[in-house]
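Common to both upcoming complexes is chain A, partnered first by chain B, then by chain C.
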Partner chain A sequence: MSRYWAIIFLLSAVVLPTGATQARTLKVILVMSDSTPVYQQFSISFDKALAASMADVSVIESQLLNKANADLIVAVGMKASELAAAQTDIPVLATMVPRAGYEELLSHARSNISTRPISAIYLDQPWGRQIDFLRAAIPGRRRIGLLHSLNAPIDFARLHQDVAQRGGLLVAQPTLSASELFSSLESVLALSDVLLAVPDSMIYNSSSIRNILLTSYHHGIPLIGLSQAYVNAGALCAIFSTPEQLAAQTSATVISFAQSGLLHEPQYPVDFTIAVNQQVARSLEIEFPSSALIRGQMDQAKEKGP
Partner chain B sequence: MSGQTLREQQPMKNIGIKQQAVTIALIPILLMALFLESYGLYTRFDDLDKAVMERSKSLVRQLAASCEYAVFSGNADLLKQNINATLDQPDVNRVIVYDAAENVVMASSSKFDIREQPPIKFGLSSSLHDTKKSLWLYEPIVPIEIKLDELFHDVSSKSNVSKTLGGVLLEVSKNRLNDNKAHILIITLLITFCVLLLSVIVAFRLAHKITKPILELNNVIFDIGKGKLDTHISTPGVIELDQLANGVNSMAQLLLLDRNFLHARIEEATESLRNKTKQAEDASQAKSRFLAAASHDLRQPIAASSLFVDTLELTDLNPHQHKIVGRLKESMSSFSGLLNSLLDISKLDSGTRKPNFAMLDIHRLHVWVESNFQPLAENKGLRLNIYSSCRKPLVVKTDIDLIHMVMMNLVSNAIKFTSRGGILISARPRGSEVLLQIWDTGIGIAEENIEHIYDEFYQVGNPQRDRMAGLGLGLAIVKRSAELIGVKVTCQSRLGRGTVFSLCLPAAASDELGQLHPEIAIGNRTGAKSSLHGKRFVVVEDDIPIAAGLVSWLELNGGEVRHFLSAEEALCDLAIGHTDFYIADYMLSGTLNGIQFLNQLRQKFAVPIRAVLITGDTSTAFIKNAIECEWPVLHKPIDTSLLHAALEM
Partner chain C sequence: MIMKLLQHRLIITALFLYISAYKVYAADYSSEQSYLEEFPVVLSASRLTQPLSEAPNAVTVIDRAMIKASGFRTIPDLFRLVPGMFVGFTDGNTPIVAYHGSTEEYSRRMQVLIDGRSVYLPPVSNVNWEDIPLQIDDIERIEVIRGPAAASHGANSLQGVVNIITRDASSVRGTDVSVATGSDGVSDVSLHMGKSGSELDYRATLAYRADHGYATSILNDDHATGLANLRANYHSNATNSFDFQLGYNAGTRGFGIEGRPDTDPFHDARTSTSFQQITWLHALPQHDELKLNYSHTFRHYSVSFYNNFLNTPVSKRETVSRHELELQHTTQLNADNRLVWGGGMRTEAVESSVFLASPQSLRQSRLFAHDEWRMVDSAVLNAGAMLENDEMGHKNTSPRVALNYHLTPKHTLRMGTSIAYRNPAIVEEHGFQPGATPIAADALLALGGNLPEKILSREIGYLGEYNAIGTTVDARIYHDSVSDIIYYDPSPIGPPDFNGRPYSLSNLMSATYQGFETTIKYRWGENSNLIFNFSRQMASCSVTGTLREPLFLPILQGIADSCTLMVPWNSGSILLTQQLSPDVHFSAGYYHQGELTFLDAQAPLSIMRRLDMRIARTFGNPNDRGGEVALVVQNALLDNYTDYGSTPQTAGQIRFGRRAYLSATLRF
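Then we have the complex of A and B:
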């Protein structure tokens, strides 16, 4: 329930100062990276959310951005965001993008950024939330293993600190190449209680996930995934935001922009979902608490702060 | 077409029909069998190949999948387990596992040499190398993908993710496959052979069934060809063949009718010919009988005349009378010669004269010729020379009487037709024969006449038929006599220059030389009279003049003679046994003939009888009897010199 209040609060904060522009209909172009079900689902949910808000926003779904005449482009996914940033001067709200990807995009398109507002709603969860989630879900497993490629855009110093502040231990292991994946995995698993997946496709991809899961299973170490797909593949659990949740947050941001003409700073998803693979839990003999309990503990931890 | 030809062609036709029928039956079966077998084998082999291929592919895929984690994790034990599990499968020879860098991670056989490795293309796709003995399959070890949402991965899409972990190479032996193929092939061939054999048997039986009526027809036609026209063909029950059979039956009936008609005609013609032949034979016999009877009747007075002339010569005559008697004797001799010629021809024509072969020294023949013809030649002022090229005795195997007859006629002809110069009798060996030649310097024979000289009564240069020049029977007798002893007489002549007659006599073999015939010294008349002196003679002759002539001649030669008119009269005489010589006429007036008389004498006294049979009969019946009897036979008119010789034998 607190989520809705937060959204209403944010919306009112955005809408009230831009009351002067209320009479004008906001033209929004929705650009999607592709037509995969996830994005389709986002599109439907986004339309629904806007319709429910009764805001004066017209949304056109288009891929033609060159001669587009709009007030805002909502780019869904990295591909659409890169396209929107490169091809237009229209303000862009990138959504469903990993933070690392968005930051790389900004660094590449620095010249365009100054002339127009650009912001994002990240796909990935903030590290703090993830650590809180781990603490709440599997409190006994404090050593968090992290396998990453060498140039992974992760602030390890801060992460070490965050983990340590929450009473855990981060075991980060870089991997030079795919051929060394197993040995790296072995070494990180040997020192960890739980393996936390990161958005690094060199390590975690459709081809490698089975062997990673098998190896971790052989070690009795659960893998914490990045999405429902990871949970389905055999990860113990995952904390993530669904397209619907992200669409709701995006529509709120658009209404805010319609009212204020301003885009706020990039933000992590406000709402999230917890998924659990009970079969894996049973196999690894982990007693997994209910989602409500976990959320409760996470809220408590958040209030308490690190 | 003749029966012979039919017989020759029959087996060929037989084989032809059957072969064709069998071929017609077999070819479709054979083609079908070959086609089906080929198709069956092809599909079966293809199935086997596909099955092995699919199984091998399945095995290698399974192995690649099972090796994924072992290769990913570098777990040698797990890899070995997987490899061993694959090796347990039949036909799997070798398994080699490679890593992503194409290095051999593990091989099922430690002896694996990298050089044995087939040219496999490593990579993301499967590949296959098929050799004669084995099948090499490569399967990349590709991690099993688990679909993840790629929302997070856009940013790292450029990272080089290795798609394969390595690969497995599997060698599957084709030995079992090849054995199976060979087995199938053998079974298939056996079945094919059995089917073909069965087909052949069935085809042959069918062909036999089909061709049997045709062959039967053929046999019947062959029988008809041989002349069995009463043959009837039963209809085989096939429309076309029934028609053929009926046609053949009709043809056979017509042929039979024609043949019977022809037979009847031939019988008629034969009967006519037979009658004509009989008539001719009857005529010939009548002629012979007439000739014999005429000869006999003529001989009687001539015989008597000769005997009287001979007797007259022995009486005291003055020189003028001697000359007249001499002329008379010549005329009688010529007349007697003519009659003898007729008799000889009659004898030779009768066919009863059989050659009696004996050894004869040519020298003796020469002596005989010389003694008989030297005086005659000298009388004509001619030289008669005898020449023999060989110092050794030349002995021939021949009938002595017949060769004497031949020589007598040829030499007498030579003397007769030569007026100056001489006659040469030569003899010389020629191979296994002795060439006997009679040369003369006489009138010669024109070339166109040579072929006629052996004809009866043909005389060269005697159109007036001077009886003193003979009857023209000499060479006819020569030809007949020579034919009897198997000798060919040839004549070469130049008109006005002379003539040569040649005859080749077979030389006697060396082991036959001991059988030389004793010489009958007819020509030796010296002391003849003394040999008959004091001997007792019995003459049985119903012809009084001849009997008187004989009695006179014998008595003048010093013999003691008694005369009887018939055999019965002679047999009744008590002193008939006291006789040295019997001279009996063959044809007597009583019931017994001369031979029967002599036979009875022999039976009566049981001793050998010395006798001479005289006759004027030249009939065939008499000649046959005369040959069978053991006593010498003299023909009337009797040559006293011959009689003398016969009595001395």
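Then we have the complex of A and C:
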């Protein structure tokens, strides 16, 4: 499947209006937001993918952008992307960034941002994919509970519609403050069949996750997480893109830039991983289909459209 | 100037703090950290319950919703919702919970655990239900395992296991106060409070519960208990968590029967129980887990009254202390095998002027292992065993094996067999009770040397889900053979009648229990539920041991012959729950129990039918700043509710007509 997407992706890159093919080596600066293993994993995979492609791209990893001289900055994570946008006029490909973060960056950044090419590869999964995933993985659980803080950058009207079009029901419950979190949680659990985590640090954080997981489990309601860490902690499942998958997509974008001199529109991740906590599934008596079956159904749903 | 600068800096700092504070309460959707954050393992192996369709035994789960809907105020009453289980009272303050024929005052053939801490206590190995420092609304869930389960639940799991899981430390947030008042002196009050934080959660309960027992003047069976408990969970890092529990209760229970001013006048007993428990959970890689559990339980019982016959004050007391330590390792051996194994040790010390001539102590140790093997997708084999040594000369191996076969994902067949033992209770080995009058001989003089009681249990069960009609079915047929049953063995010397002689306790009988049990749950719509339980039981007994006084064989044979009457032929319950509007809930429980005779009762108990109803209205947000008012009516149809009595004066008496209580809960 991932190969199929990669081909489409590469074809679309080729078909886009191309500038003069650059004969010289493309100089790329890779800037990371942090040095934790996740970012390192990205860096290693990115280098590997570029090396495997035999493309004429040289990459240096640097945090010093002031006097940088390069054709493209690949900024991994929000901090790096903000830095790259603020300190240079070099084209930027922000990667491993949430869509909300990238859009905020664009709206807040200095005016110089519009004068140079800038694009992104998001870390989050598109809503449509998440809903298709839930419908394929746990079709019996139609009512999708979503707990969020008041200023969540989510288009709820659209999301309600998207969920409804796919045969589900969205139960969105705002919570006003941290002290009201658990009463809001009880309210949303009472009306839902499944609780979908959102990247809302006020609600889902290392202090609250324990109580959220215990409470939802006692209600017999599975939590759908955002990462492997959620699944390890006790979420039923999650779809997410690994640093390796994002690095592969980033390197493909860099190669396309090397060839065309253009950056395509911001993209969601092409490849994603499905993680399941089988113990939780069994305990909640949820019969979880195989990943292949889920992907098959998600593809069908995507082709059919909502 | 310096002041000015400082002021300026303070303003900036304050502004910065304001902005940061605002940032904390505003969701941060823009950072990738939500996707990259590491979390501790929360739903670890011991927190996840095995689904019923893969459990090696028949299990009845009583959850919070059922507890509330039932309207029951006390824990023992809840077991009326378990097919085949008997709940009775020797009087209004002494409940009996028994399964399959152990219907007697000292019902002692079940393991009863609260958060892994066993609460059946020496010297009798029975449960003093009224003395447990646990309030009914602190229960998260009760799992009743119908059948022996020593491999997974330890000693005394002969006929079944009651596994009470209390609410997690993090599950109570804020404060609530409840009061209840009603007929027969029902007067309850409770306060719950709790808080959860990033590293420490706690909940605490203070409660008082009192009633006048049954509405009969023959019995002095008033009851009042005050209790306090605390549960805290400390989880400073991702791999370790510590659960602390403390509890204490103190109460008075009325005793005495009218017409016995000499030996059993109206008097009060004082009881108190305390416990401390600490559980360390350590997460290992690959969802493996280590669990270390230590608990200490202490119970004190004292009673004093004036014996008019002897013209002397009588004072009896009993203290029991138990320390228990258990280590358990859960490991996923491979994709298809999960092994739970470990060991435990327990020491008990008893002083009892009620049952013993001298203090006794006992040390028991056990090893256990239980493997869950997913042979193929459609079949799970649970196999395990417990080895125990009670250091009174009893070394037993209790194996269990069960195969769950999923005919389809929604239909499962279970076949299981197991052997389990109940080591003789201290009273059965060392019991001593002096006679109540100078002319009466000693009542109990246990000579000891008994073998453990043994059960061989076999069953075939079925679990089905019929989603289209909102129905689930859980049914089983079983055949249990209990051998070496310990029963009264009169002395060869003494007065000519069975009751007049001092008795010992010996392995004298065998019994067979067989029958059918089912639970059907029906759900029609979001807020309408019905749970139907039914049990058909048959029992037969035979004399297999040798009496010390052969003259009494015909009497014992007569008891064995009447053993068929010791279980009700039919029994069952129906619990209906209906939400009438968003804030009005109605529920009704109907309980039926066929005629039966007790092992130690004086008269047969006629058919019991009882209808209980509850209607509740919530106001505000029930989870936060709200509350509930509820009315419970028990025995609403005024059926003649009788109960068991171990004396002629109390047997077969109508215990209560209709009784009602009103409760109010306010959460803030």
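The rule is simple: the second predicted complex is superposed on the first by the 286 of 306 C-alpha atoms of A that agree within 3 Å, B and C clash if a C-alpha of one lies under 4 Å from a C-alpha of the other, contacts with A are read in each partner's own complex, and residues count from 1 in each chain.
Rule of thumb we're sticking to: a residue touches a chain if its C-beta (ideal position, glycine included) is under 8 Å from a C-beta of that chain, and two chains touch if they have at least 3 such contacts.
As the structure is a prediction and not an experimental result, all values here were calculated from the model.
For the composite obtained by overlaying on chain A, chain B and chain C cannot both be accommodated without a clash. In the superposition on chain A, A:Tyr217 makes contact with chain C only, while chain B stays out of contact range.
In the superposed model, A:Met202 lies in contact with both chain B and chain C. In the superposition on chain A, A:Thr273 makes contact with neither chain B nor chain C.
Annotation for chain A, partner touching more residues between chain B and chain C: C.
In the superposition on chain A, A:Ser291 makes contact with neither chain B nor chain C. In the superposition on chain A, no contact is made by A:Gln161 with either chain B or chain C. Once the two complexes are overlaid on the shared chain, A:Ala100 sits against chain B and chain C alike. Once chain A of one complex is fitted onto chain A of the other, the partner contacts of A:Ser187 are limited to chain C, with no touch recorded for chain B. Superposing on chain A, the segment of chain C with clashing C-alpha atoms against chain B, chosen from 56-64, 200-208 or 344-352, turns out to be 200-208.
Overlap of the chain B and chain C interfaces on chain A: residues 33, 38, 77-78, 96-98, 100-101, 104, 123-124, 149, 177-178, 182, 199-202, 204-211, 213-215, 226-227, 229-230, 233-234.
Residues of chain C touching chain A in their complex: 24-45, 47-54, 140, 168, 170-171, 173, 196-199, 201, 235, 287, 409, 467, 621, 623-624. Remark: chain B residues 68-69, 72-74, 100-101, 142-157, 159-163 touch chain A in the complex.
Residues 33, 36, 38, 77-78, 96-98, 100-101, 104-105, 123-124, 140, 148-153, 177-178, 180, 182-183, 186-187, 198-211, 213-215, 217-218, 226-227, 229-230, 232-234, 240, 277, 279-280, 282-285, 287 of chain A are the ones that touch chain C when the two sit in their complex.
Chain contact summary for the complex, chain A toward chain B: residues 33, 38, 77-79, 96-98, 100-101, 104, 123-124, 149, 177-179, 181-182, 199-202, 204-211, 213-215, 226-230, 233-234.
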